[in-house]
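Could you have a look at this structure, given as structure tokens, before my questions?
Each chain gets a letter, A, B, C and D, in the order it is written, and its residues are counted from 1.
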Amino acid sequence: MKIAVKYFASMRDIMGKTDESVELNDDANITDLWAKVSTSTMPENTLIAVNMEYTSQAHKLVDGDEVAFFPPVTGG
Amino acid sequence: MKIAVKYFASMRDIMGKTDESVELNDDANITDLWAKVSTSTMPENTLIAVNMEYTSQAHKLVDGDEVAFFPPVTGG
Amino acid sequence: MKVIVQEAEFDPWKAVSEYQAEHLAEGKHGGSVTFIGTMRDFNDGVDGISNMYLDHYPGMTEKHIERVCQEALKQWDVMDALVVHRVGAIEPNDAIVLVAVWSAHRAMAFDACRFVINDLKHRAPFWKREATEEGERWVEGNSVDAVADQYSNAKKAG
Amino acid sequence: MKVIVQEAEFDPWKAVSEYQAEHLAEGKHGGSVTFIGTMRDFNDGVDGISNMYLDHYPGMTEKHIERVCQEALKQWDVMDALVVHRVGAIEPNDAIVLVAVWSAHRAMAFDACRFVINDLKHRAPFWKREATEEGERWVEGNSVDAVADQYSNAKKAG
């Protein structure tokens, strides 16, 4: 399946890109996705959104999902 | 001694006046003042100010004090 | 810090905006919290309130509110505060009261603003007289808001 | 209810005043509480911050804030809410965020406004990058405000 991945803020500096498209096996979750995009462990405090809703690493992905990785937010 | 007395809101309706000047013996307190201006007991919840600061019935008066009697406030 | 008690109508946002432009140093406050109380056309279950007269104790009212603002500035990390309160004849939808506070941090601005408006409601010498369809009546204490305060204490948003 | 995320500068008091005139029924709301967050020229002990860039996640940001406002409308007796949040390049003293809520009673307006701004600070996908005299840096979480929130919990004004 095909997953659209986005990175924001300091996560862009770490990954060296703003977004990418990733091919994954069916039944993959966020942990599997991270292993595919990076050889490092996921930075502590990384926030994860699937289709613009917060979720956890155990979240199972489906074809066409948009996944975002980003650091703690600092709005307001 | 001479005390200036003011009434506000429903206390004006009860007393039938907005203010008066009262002659009192030295050492009089608010309770003595009330006995001089009214034959009824003071309405429950009456608030008392002497020289524009909240106080209690035991407050001893001095010549020239301004005393106000009024019901619970309803500002804002 | 400024406390204004006035009969004239006022635009609360214009008042707070002008006060900030005149009195607040640029780039030093991080947050401002503003409470605006507006006259409703209903109160305590009575509909059709056509207008209101707000009596006050000239002199004591200003003195009392100034003291409360000074307390707020001392108790929280608040830089400045503005209070405007109407008296006299007030129409539905008029702004009755404005409380604005400026602070480096938002939690203190919220706490200080709430402290000032709560004291103002429960202690500042103002009295409302409403004209309803059945005639005039003095409003008997801020009971509905007292209930709302209680509710709020049990359900604080942090 | 309206949520606006925009690059353009805005006048927060004008925004809230215009929104109220357009969207709020006359004489029905008793109180409105407004929080305005302004860019300071210092943060976390660093002085001389010349400007800031606010990154966000287009789409998720709006969706997230809208959901939070809907939650506030449901949880408290709130009639309406307006949020405006800047993104992009921001100068010191610019308004960054406006949260305005209208309610029949003030305690609920305070609680709801605070709920929205707290969530917005801690959960809405925005990221600040500051330009200091030593170069650019990503701001690392709203730590100072977290401390202020804690302080506030211990010292609630009711």
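Observations on the model:
As a working rule, a contact is a pair of C-beta atoms (placed from the backbone, for glycine too) under 8 Å apart; a residue touches a chain by one contact, two chains touch by 3 or more.
Only a predicted model underlies this, so the values are computations on that prediction, with no experimental measurement involved.
Chains touching both chain B and chain C: none.
Centroids built from CA atoms put chain D at 27 Å from chain A. Distance between chain centres (mean CA atoms), chain A to chain B: 72 Å.
Computed from the mean C-alpha positions, the centre of chain A lies at a distance of 47 Å from the centre of chain C. The set of chain B residues touching two or more other chains comprises 76. Those residues of chain D in touch with two or more other chains are numbered 37, 106, 117, 121, 145. All chain pairs that count as touching, in label order, are A-D, B-C, C-D.
Within the complex, the chain C residues that touch chain B are 37, 54-57, 59-60, 63-64, 85, 96-97, 117, 120-129, 138-142, 145. In the complex of the two chains, the chain D residues touching chain C come out as 11, 13-14, 16-17, 26-42, 92-93, 104-115, 117-118, 121, 144-145, 148-149, 151-153, 155-158. Remark: chain A residues 6, 8-10, 47, 49, 52-54, 68, 70-76 touch chain D in the complex.
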